[in-house]
Amino acid sequence: MKITGTFLDEISHDIPHQNWGRKEWDADFQHMKNVGIDTVILIRSGYRKFITYPSDYLIKQYGCYQPPVDLVEQFLELSDKHGMNFYFGLYDSGHYWDSGDMTTEIDSNRHVIDEVWQKYGNHESFKGWYLSMEISRRTKGAIEAFQKLGQQCKDVSGGLPTLISPWIDGKKAVMAASGQLTKADAVSLKEHESEWSEIFDGIKGVVDAVAFQDGHIDYHELQDFFEVNKKMADKFGLQCWTNAESFDRDMPIKFLPIKFEKLRLKLEAARKAGYDKAITFEFSHFMSPQSSYLQAGHLYNRYQEYLKELL
Amino acid sequence: MKITGTFLDEISHDIPHQNWGRKEWDADFQHMKNVGIDTVILIRSGYRKFITYPSDYLIKQYGCYQPPVDLVEQFLELSDKHGMNFYFGLYDSGHYWDSGDMTTEIDSNRHVIDEVWQKYGNHESFKGWYLSMEISRRTKGAIEAFQKLGQQCKDVSGGLPTLISPWIDGKKAVMAASGQLTKADAVSLKEHESEWSEIFDGIKGVVDAVAFQDGHIDYHELQDFFEVNKKMADKFGLQCWTNAESFDRDMPIKFLPIKFEKLRLKLEAARKAGYDKAITFEFSHFMSPQSSYLQAGHLYNRYQEYLKELL
Amino acid sequence: MKITGTFLDEISHDIPHQNWGRKEWDADFQHMKNVGIDTVILIRSGYRKFITYPSDYLIKQYGCYQPPVDLVEQFLELSDKHGMNFYFGLYDSGHYWDSGDMTTEIDSNRHVIDEVWQKYGNHESFKGWYLSMEISRRTKGAIEAFQKLGQQCKDVSGGLPTLISPWIDGKKAVMAASGQLTKADAVSLKEHESEWSEIFDGIKGVVDAVAFQDGHIDYHELQDFFEVNKKMADKFGLQCWTNAESFDRDMPIKFLPIKFEKLRLKLEAARKAGYDKAITFEFSHFMSPQSSYLQAGHLYNRYQEYLKELL
């Protein structure tokens, strides 16, 4: 299964920044192209007070900091140049994480969507929207948020597609900053299907593709969960993508590039389940030959050998 | 705000060692010069049983290990060569951290100061003393320790200046080895001013400059705290420096280089508050183009772009 | 004390993978040779469902994943080429870690030993067995497991030597994924001697060499523990090796290369205690000039300077 998309993690929750300038980003888009990536997805346009573009609205309304670079403009220009499809990730106010309430995510993004489409909608590479709220089961208000924001994204942009990337509430679904790697109360396959069928039913029509993060379950559970996901996606008319995490969740250092054998197991499970597309979180830290983590460059080489196998 | 000083972290609490030899250090001093650094501050001359110079006193009295290299001599020679001002950081016995009692820090350093000045005082680059006890509010015995040791440093060396670098007891003041990034019981601005006015009053005359670590408070709190610090420093006749941390306290990996945007926010806050000088903890791991963390080299490039903006 | 052996950590519990291919491994064996390493020890041939060679038995019986590369074949070929002595590390089912019961380790390895000797015993570099169960005091069933498996290794292979590498239950014996660096209830020297004398008595004859991991005690405790270990090894007729850990257990990042001064203290303690051989965990991440951790290349340089001192 070939990876054809990657997130761009420039406003990070938990991955240290590489401090790249435009030159490094330009080169990285070329590295991506070289292995067949055609889609780049901004992970979020802002997180709390840090933002990726000079948003008058967010600076005024949420006290966000004036960003030193307009990353949205930069990424769109590079996407235009390299022929990439750019998905814009919505703003994450942090309010939901603190309070369990989606209201602020909806309110802020209603403005952000309009502002962004007005500023950047003319770029030919602007090809979709990423509804950046990372949810799992029991995320209150998620269906309503996806409905309202997904619909608005489509309305302003002439129906551009929308993507979500939730996580499976498996044994490795623990906080990044915690000292733990696993938890005891993981979701069962049956609960997963029941709860996500309800969510898929609620978001069909406003969400076009769902890319579950593939790193929270054990490797021997991949096939079963992937097949259930595909079945549900088919039933409710969603595209079924996989978000193949290229970092390793099993190690005390959170996080460094994954062992290729693990990535391969995950991609093969998605292939066998008939998934529509594979994207990764994310190329630039964990798979790029110019990553600050030199393991990433070796992963890039191993992955290229795998591509040759696929031919 | 230009960074003109850096700590040298060769006896580290919590930053893994780079295993550089003299050649790498010589090159790094050149890299520092190239971005306008004129001051290097040895973070401490020893920590528990590991020491930076062959101290007869510490080896005999505290069972310290014979160091394989005389780093103090090496750093002074390189400071002489590159025209740097070298500040010598006192010994940290570790006893205070274990017991809350400053007595051992005072007793040991009374000997260390004499020994060091006798051995190394002839170097023209020996330009100051760093009282290495990292304190915050409620550090018992800190005023007395600074008074005694600061006075002795000045007495033996013909009045060379003394520096301290305490931390603000903000939300990010957690132990490096803990799984947490923040704590709930952060100090308020008012408590900070009240408690530090008392400390500044107690150390005026024996401490010439105070460089608060800038990483324990949130970015939107910087301006208020920095202005209070400057006001207090002015009132009690201290120079007000900032210790601009160039590592990122917000990430699960403790610690990698900071995102440039964050460093910029902190430097700008110091500039606006009229600070006298900016130093960093520290150049060689987190900002150097030859750092083992390749993100540091990119931070060096971003920082140089910022310097051009300042012109 | 010269390091003449290293583990190969290709199925790791806790060290992120470098994603090297055969080319990088070939080069690394050359780097090892260049500093006098003549022995490579596969840390384990499998861990839970991940395995290093296509074992029909483990795939069928334990649901292990088909490995993308036969690492055992690769390492044996490279050992043949570079004139290394290869020690094969047994399979770790993970069952002991979960249950405290050694039965599965014994049962699975009885098959693995036969299978492996049949497949790979013809390689001239196959020179020994590593009984990979990492034990300390109070590890139930360890003596019986070492007896049975050690005897079988010798029986099938015409008496090739066997090695174990336990840990001392010192203050730094904490879980890698935990937020802690030390614990309070460390073993005393006297308890260590009493408990390990019993274990050595039980395994003499089936285990030829014991290489205690040297990283769980404090540096000032090294000499006493090393001398007791040597005394016990001599008494029960075992060779006494040291497993000189080349990563740093004292830092929040778990784990990066160790400060050379610390490695030197440990090697010198082993030399003074008259140890027979030093091996390291492990060269390729922590001491190799091509490691993804650039600190490792500098450690390689510092270590080479130390070798010159030894002449």
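The letters A, B and C name the chains in turn, as written, and every chain counts its residues from 1.
Keep in mind that, in the parts below, a contact is a pair of C-beta atoms (placed from the backbone, for glycine too) under 8 Å apart; a residue touches a chain by one contact, two chains touch by 3 or more.
Everything numeric here is computed off the predicted structure, so don't read it as measured data.
Taken as a graph of touching chains, this assembly is complete, with every chain in contact with every other. In summary, the pair chain B and chain C forms a contact in which the copies contribute largely different residue numbers, shared numbers making up under half of all those used.
Centroid to centroid, with C-alpha atoms defining each point, chain B and chain C lie 39 Å apart. Within chain C, contacts with two or more other chains are made by residues 179-180, 253, 294. Residues of chain B that touch chain C in their complex: 12, 14-21, 24, 49-50, 63, 65, 67-68, 176-180, 253-255, 292, 294. Within the complex, the chain A residues that touch chain C are 179-181, 219-220, 248, 251-253, 256-261, 264-265, 293-295, 298-299, 301-302, 305.
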